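A quick write-up on the structure given underneath.
To keep things simple, chains are lettered A, B, C and D as they appear, and every chain counts its residues starting from 1.
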Amino acid sequence: MKNISKLIGASMLLIALSIPQNAISGGHSLKVLGWGAKSGPLKSFGVNSEAALRSAVAEINAAGGVRMGDGSMAPMEVIGYEDSACKKDEAIAILRKTASTTDAIVGMGTTCSGVCQAMFGVLQKKRGDDSDSGVQMPILADTCIRPGLAKISDWSFRNVPNEITMYDELFKWIRTAYPNVKTFTGGSETDQGHSFVTYTAIIAQMAVKHGFQWVGPPVPELGPKVKQGMKELQAAAKSQHWLMGDTNYTVQARKIKKQNADMVIVASHPFSACGFMKEMKRQRVKPKLMVGLTSSASQETLNGCMSAAEGIIIPTGFAPITSEAKKANSIVSKAGGFLDLHSAAAWENAYLIKHAVERTSIMGKPSTLQEDRRKFRNALASITSQKGLIGHLTRDGSTGEASKPYVYVQVVNGKWKVIHDPNS
Amino acid sequence: MDFYLNLINTIGIHTMLGLSAYLLLQTGQLSLAQAGFFAVGSYTAAILTVIFQWNIIPSVLVAMLVSGFLAFLVGFPALRVKGLMLVVATIAFSEFVRMFFYNLKWRVTRNGEEIGPDGTMGFAEIRYFSDNGWSNFEVTLFLWSFVILIMGVIWWSDQSRTGAVLRAVGEDELAASSVGINLTVVKVSAMTAGGFIAGISGGLYAHQVTSLDHHSFTVLLGTFAIAYPILGGLSNVFGTLVAVIFIQGLLVEGLRFLGDWRMILFGLLIVLAMNFKPLGLFDKQTMDLIKKAIRV
Amino acid sequence: MLKIQSISKHFGGVKALNELDLEVEEGEIYGVIGPNGSGKSTLVNVICGIFLPTEGDVIFEGQILSENPTHQRLKKGIARTFQNIRLFPNLTVWQNLWVARNSVEDIKTESSFYRWFGKSSIVKKEIEKMLEFSNLGNRADELASSLAFGEQRRLELARALATKPRLLLLDEPAAGMNKDEIRDLDGRIRSMQLQGITIILIEHVMELVMGVTDRIAVLNFGSKIAEGNPQEIQNNDAVQEAYLGYSEDD
Amino acid sequence: MEDFLYEAVEIIQTIWDGILFGSTYALIGIGFTLIFGAMGKLNMAYAGAAIAGAYVGLAVSLFFDATIIFVFAVSAVISTLLGYIVYQTCFRFIPTHNHLAALMASVGGLFFIDELIVLATLGSPMNFPGLFEDAYFEIGPFGIRGDLLFVFLIGIVSTLLLLYVLFKTRLGMATRAVAQQDIAAQLCGINIHRTNSITFSIAGLLGGIAGAMTAAAVGVLSPVMTVPLTIKGLIVTVIGGLGSIPGAIIAGLFVGAFENFFLYIRGIDERDMYVVALLFIFLIFRPNGIFSKTINRD
């Protein structure tokens, strides 16, 4: 049995190693632990969010740190930033590890909606419900934009814009800013839950609401009856959608060319949005306007297809428009990350944590850990409005759905340019 | 503690997944369909506990029967072909299953909330364990009782004539059929047994992660299912367990502190392991070492 | 007992068997000889159901075995050995014999659960008998691949016997054997005949064939050119001609 | 009538586009078939290596401002090298009869290559220079992409070159000898490892061209492309018949057209289901592929 025990011993040792070194230390500091995708195709999420989180924490500490329950100022400490690879099982393992083996007061992760959906499911649904054996640990996600995730658990928090109001406002603004745009069509990637549902249930519905005329395949019910409309849209427009890993977009682009709409919606992540927009360019589909999915308002789109994306308008939760935002942007860039709608949320989360901690009395001792987490959760839940990088982050206390400010950006000459700020 | 229990649960689920491929691999057939059976099992069990509010035990058993039956049906046409053709056919099968679940919508309203599988949005809030106040330790006991039962049955059949027949088919099909072994029956039975096991493991997995969507059941999962027995060696069931501990415990969880280098090392270590131990980590050489160690 | 009725087997343009007729009586040892490429192994494969004949029928005890696959023919009582030994190399000697217990008699006497998952004393006794027959009694737990060549031949023969056949096809069992081993094999074949097994012996080693068989058929280019007892065959002109240029133990 | 004409034009256009794109599947399929023919083994790292080659080609073009032909050449060379490395690391030292271990090792190789790409690019999609992006010919109602036509021609030329090498040179002779009877080939003095590594390199070369072609046709390179490309390549290999190069070409073009057609008439959600169904039909009725004449009894 020597070999097996050796192997088991070695793996236990490695697992022990993988727990942050200072995880259980008595030091007087406010500990947080983050995670995100640091491997796999979505690696940029984790890398950027880690850079943003660490930079923001450094800023907070440089400004004196966080005021704890005993009145003293303590530094905030990121005790680790783990790789969840945007996979459910791994994120759950990290969540449980954070909750049970570290004295982090809050877990910060992750960016991927599908992963949040699983992770939140492991948490206790209603706080104080003793019959529920779910994990009791506050989680603060940077993004996880899929609608409806807030209701899964009382312990889950997200820092995301509300996509419904975001696109509602967007089309209202387009109506006035581009009076000659009257018709629209579009496509999406159907294997990505967030892209497709946002497209059918939100973007297309809001465009119709603001009087744009759908010129895609006939969709009788598209309009106020959201659910019915969604179903019809899915059925009718199937052949102008694609999958994330596709390589051939000729059919979709030609269908959209034929529809000759003023506005084309590209509701897709950069991987396939770029392929599709390039195909549109090749087939010389030149709509007056393109509208994109908020997840595409990132550096990846510029890496992938700067020229084909020229002119696309996307609402985003971050742009360097205020002095704070500009400052944060330059700090994070120096730390080797990009600040975009995902990572900016990680930056803001650091400040949200500081704000919440200072609203209550966190002792930050190992003995008070569970109590601290509970207090922290309640404090975080009680925040309904907090200053973020480009405006106020708000949260609806009853539904738990967050809503953060957003701006509209457009690719102009190969760079993201803010074209409208609905708050100003 | 919670974390270690979670890791032990993950190891248990993956061990069952690996064992579901073990029997068929013994007959020399390389099938990547396990991801499909696993997906069917997990969706079935989750639908039963969430939509029909069944107890978990009958749900897992029904999941087992459903995926076993599916494996039985798939086995007949699929096992007509072998080698690379079987690999591709089974990849295609599990992609088909994945696409089925990615189109599956079955929403019902309960207590004012909509629940059930929701197409590409996945199937969230499969919260049987926490809703019924099961502690993670109880979950571990529950899950591992299945693992131990399955390992025991396979260990036993390995020692009996069944094991010898499966291996005989794997070594020389022509010789096996000329001593009277019905190849189709043996292969389809192995596939069906694999389907049963994959169904159980999928049903438990659904409740462990609480949320399912088609991203979990890709070809990659099917590859892992065969990777465990191949990496562990086909000489006995403990090989699979050791391989799961190696991959899930060591490479996935143990190396997490390496951050972005972890996955690179992951691929590299598999290549190295196969080069140095082509018959699996738990091959005859290792067995002899262990036997020697026990004797000393 | 076995009747081969105008069997032809074509591989593309090659006619491996050409309207061949044979008849084997119950209890006899029937030899099949012929130069290389005369269709001997194809004949075995056709009888066992590995190849389906292009034309003609194999009739075993009055029944036509047209579409029956190999394993079903075994249950009817047709077993074989291979020209190039095909054991299960990574199974033990014991397991090699255990796997072969598929006869109708075995299936009837044991419950199927016990057959697959148990190990009854009858099985133990019978396999022990087989081991004794093949002089492998003390090597039961060794892997088949670790046996010497002659032992592997004996094990393969024992494995075929473990299926309790009534007709046994031996495909060049003496290939690569020395004189002593051939003598030993001769004895074994005779003792199997005494147990009531009909044997078809396909062989190049004339010493064995001429000594042990009751009747012999000679094949050339897929057709039977002669049939008779060993003396008749030795004096047959057509046979002499067919073998011209071939050494006897090729 | 007008509707009918419109639909007819669209369907012809759809099938035509599919055939052009199918040439990338065909090249990937040939790679799988070559390796399978030579060793009877499956190299799962193949499509990964192809995409990796295209990445290196892209990196070169970013640093040296190279022409697109140069990018293609670099992709092909790197992928050739990767093919050789994959052989040496995942196949060379694993016993010949052990198919499982070699398969697993190449899966490890796929993970490794994929993750290296992610390490270098953060997984971000990268702009890949297109070929004559403005060449879009409109002939009557039909549109033809000039770049795809070029890509298609490259595919044809490289296939012809491959067939020449395989059937007219000594090297090809040795490769085919090893494929048919490895032991006999060894007895004739052919170094089996050398021949196999050359086969892997040739397959890698084709893969590199296929990777660069795919990237140029899409205009974007991303790590999410490797797995779908692997699956499509495998399906093409089986439909074409294992080991058959003409089969792989025809199957590649056919699968390209088939999936595009079903995308057009049935939509994206069902497209891949039809491709899978096509595969099953072939497995049941023509298990030896398009060009098989007989169905062997198993």
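The rule is short, and it goes like this: a residue touches a chain if its C-beta (ideal position, glycine included) is under 8 Å from a C-beta of that chain, and two chains touch if they have at least 3 such contacts.
Because the structure is predicted, anything quoted here is derived from the model rather than measured.
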item: Number of hops, chain C to chain D, where each hop joins two touching chains; value: 2
item: Innermost chain by mean C-alpha position; value: B
item: Chain A-chain B separation of Cα centroids, rounded to whole Å; value: 32
item: Distance from the mean Cα position of chain D to that of chain A, given in whole angstrom; value: 36
item: Centroid spacing, where centroids are CA-atom means, of chain B and chain C in whole angstrom; value: 42
item: Sequence positions of chain B contacting 2 or more other chains; value: 102, 260, 263
item: Per-residue multi-chain contacts in chain D, two or more chains; value: 115, 118-119, 227, 269, 272
item: Pairwise chain contacts under the document criterion; value: A-B, A-D, B-C, B-D
item: Residues on chain B engaged by chain D in the complex (per definition of touch); value: 25, 30, 77, 80-85, 87-89, 91-93, 95-96, 99, 102-103, 218-220, 223, 226-227, 230-231, 260, 263-264, 266-271, 273-275, 278-279
item: Interface residues, chain B side, partner chain C - complex; value: 156-157, 160-162, 164-165, 167-168, 171-172, 174-183
item: Residues of chain A defined as touching chain D within the complex; value: 39-44, 47, 190, 238-239, 241-252, 254, 270-271, 274-275, 278-279, 281-284, 299-300, 303-306, 308
item: Contact set on chain B toward chain A in their complex; value: 1-3, 6-7, 10, 102, 113, 119-122, 124-127, 129-136, 208-211, 213-216, 238, 242, 245-246, 249-250, 252-257, 259-260, 262-263, 286, 289-290, 293-294
item: Of all residues in chain C, those that touch chain B in their complex; value: 48, 50, 69-72, 74-75, 79-80, 82, 86-91, 95-96, 98-103, 115-119, 159-160, 162-163
